[in-house]
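Below are structures written as structure tokens.
In the two complexes below, subunit A is the common chain; its partner is subunit B in one and subunit C in the other.
Now for the complex of A and B:
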């Protein structure tokens, strides 16, 4: 109780200090120079450079397919080539006279007539982090696999904390996710895909929680790529029975098929779409929440002065810490859910519905069971 | 149009009402089931996540419409 009162008192004190500061700093309306602007959205958005704030900035190569294949080591060299120009300079030619140089918008257009490029296949920041995640997975689990091949873990107990932790996760995923959704006979064929899916997504989710790190899964293109992979895994492995349930649902009146077939075909695409949106939205929402929470400090600072801003900062930063802990949980949960739904869809495509067809032949006068 | 923003905001709120209610019901059901049969807790948890994920998926479809409205 006393502690609570003390905290409340301290907070009031800070608020008062802020009040004084607000009076003292009325006329400090200096215009913000462009150089001072902090690109906070770079924590969420895709960029054509990797920036370790305060350390170094690394420009990534641009690959553009438009009137042939063009390859440049950085956006700047693409601009220097004379073929492409930053859209910013094309729209604001006076920027050259003002002494501005270097890429601004990073959107390249053709220099001659300003038309947008046909296909921008540039390696962006999220792609690099995606590859890093894949490389890390390959490195960790490749080494682990070699250990198991040499007999450690099979003939003896697993050695070391890393191996034990990995084995717990792998065995849980194999038994509870892959085997229970796909079935005893065929699960081994899909376990590698689903497990690597899980770990790559997990690493990608966790990367964003590191300083300077990025979450590639907060980008719809990355999650869409993952979902498309699952889409092909599902549909290329679909059994005859699976396609029969899409195009000719057994036990359904012929007239109903006119409605059923489009809905089923739509269902083929909405499943991976939901998969992509779910992962993307969950990852982006966490980042957005943290940025908004931290942004509240600056809003308070602008409204009531620096003191209130700093004082309320204690609250916002502790909220942020809470969200951060939630994000660690969500990183594991969303990777798990993506894997589980992939396993579920693959399992549905492989399922043999032969046991269901008995209902139609049963002479007990029951309605044919609707097939799910 | 300013009303597009209003529609997007209201829509997001209504979606959250529905999705929150739905996921809450699943949570309630799962809690009840786990309390009644603690030995089946693992299976119940997996089924709960699947059902919650499906509701979440439907909610995200609606949220995407809100985003399209807000960006239009």
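Now for the complex of A and C:
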């Protein structure tokens, strides 16, 4: 095993040595022929269409709030309306042929003076996949709830693998995440939010592992939205003590408060910010790693020919499989971590500090341990 | 720069944040009403009923234990009582036996005494009779021997004195 790995490593190193020139070649490739290069980044950004590659491409409607509400069935029809224009064509008007040219950048600007739109409320593919995740959660757990309502699992033991598996996760989250952080008395108020968080994020994470699937959580906008809901959940339920610790930390000299208050206020926002960035970065990194690994096959093909490319494919595909398995784990882990920290922040906001002033430091101490 | 990349990766799209945020709250409300509410409630109810049945089983167990303890106690007491009764009965029987033996012995003694007394009496009587008889016989013999001279009364007195002298000896 070690010998095989060593040979594989040396093989890679050997290929790398001669690769600098060829690499430069890849970089200089013009975007005019995008089919030729391995464009990883374009696979990961948000888009205003859903593409099932090789099958069909479905354009999503554009909703623009700028000088009134505008609704178009697709980006192209928005361009053809004459009110808005794709930014690329605004900068390169000679390339635009009305009625023929499709959108390129998908960023719409006003046709007359090129100013950006006020608010782009268009539905993007990440929003659609987020909705799918929400609907899937609603479908699965709505059916589960109906089972419970009919008496199975209420008076009897749960029946069936699905119900048992779902119950294991729900009970684990309820006991280990919600109850242990928020407490026995108030858990019922926050468990629905945290369970929704966990399962919707989990399904979003797992969608990215399906063929044609997308991971909306690999988009900072989506994770930011989720973190903002946690922010509201925390701060709308904060106790008097919680706010006192922000604006008048007890047991701290008055002069220190000049420093403490800004830090504490900053802390209110860094918590959800960290939540958003952690989830987004992890999901994006996994996705990027898989695409990069598979992209290596094509880069090697370009550098050394088809034979070497396909031959080294064995290595890249096995690496990809490894990363893929890791991603399945990370999908669960990141959903759990998001839920866990949301519960922790809510629990901190609900905590009654009157008996002990040093509780707040505990969760802060925990934070560095979660680089994942 | 590839124009497609203009909308990629680190773009913070307010519209998407709004869509996701609003729909997430909507999903949360729907999930709370149709999924988590009933599920959590059912789980709690089931846990409560399990806890209750465990508690009642515990209670029944302790009650059964108590009852069995009581039964044991009663059994033990009954045994002690039975033993006591048996001992008492034995003692009484012994007493009765002793009594009976005593009584029969005393009775037998009484009978013997009586018999002895009556024998003595009879003997006395027989002695008396014998004496009178002997006196008569002696008188007759003496009268036969002495005949007429002798007064019968005087003779009898003589003989009686003689016999008294005999019996005193």
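As a convention for this text, the second predicted complex is superposed on the first by the 308 of 372 C-alpha atoms of A that agree within 3 Å, B and C clash if a C-alpha of one lies under 4 Å from a C-alpha of the other, contacts with A are read in each partner's own complex, and residues count from 1 in each chain.
Keep this in mind: contacts are C-beta pairs under 8 Å (C-beta built on N, C-alpha and C of every residue); 3 or more make two chains touch, one makes a residue touch a chain.
These numbers were taken from a predicted model, which means no experiment stands behind them.
Colleague: Touch check for A:124: first (subunit B), second (subunit C), both, or neither?
Modeller: It touches subunit C, and subunit B stays clear.
Colleague: Does subunit B (first) or subunit C (second) touch A:183, or do both, or does neither?
Modeller: Touch partners of A:183: none, neither subunit B nor subunit C.
Colleague: After lining up the shared chain so the two structures overlap, which partner does A:344 touch, if you call subunit B first and subunit C second: first, second, both or neither?
Modeller: first
Colleague: May I ask you to decide whether A:281 touches subunit B, subunit C, both, or neither, giving the answer as first, second, both or neither?
Modeller: First partner only.
Colleague: So in the superposed three-chain picture, is A:162 touching just subunit B, just subunit C, both, or none of them (first/second/both/neither)?
Modeller: Touch status of A:162: no partner.
Colleague: For A:116, decide between first (touching subunit B), second (touching subunit C), both and neither.
Modeller: Touch partners of A:116: none, neither subunit B nor subunit C.
Colleague: Does subunit C touch more residues of subunit A than subunit B does, or is it the other way round?
Modeller: Partner with more touched residues of subunit A: C.
Colleague: Taking the stated contact definition, name every residue in subunit A that is touched by subunit B in one complex and by subunit C in the other, in rising order.
Modeller: In subunit A, nothing is touched by subunit B and also by subunit C.
Colleague: Which bits of subunit A are touching subunit B when the two form their complex?
Modeller: Counting only subunit A, the residues touching subunit B are 176, 180, 270, 274-275, 277-278, 281, 336-337, 340-341, 344.
Colleague: Could you pull out which subunit C residues touch subunit A in their complex?
Modeller: On the subunit C side, the touching residues are 1-21, 23-25, 27-28, 30-32, 34-40, 42-46, 49.
Colleague: Touching subunit A in the complex: which residues of subunit B?
Modeller: The touching residues are 42, 46, 49-50, 53, 56-58, 60-61, 63-64.
Colleague: Tell me, which parts of subunit A touch subunit C in their complex?
Modeller: On the subunit A side, the touching residues are 31, 34, 39, 41-42, 44-47, 63, 87-88, 104-107, 119-124, 126-127, 130-131, 134, 137-138, 141-142, 144-146, 148-149, 153-155, 167, 170-171, 174, 188, 191-193, 195-196, 200, 216, 219-222, 224-226, 228-229, 284.
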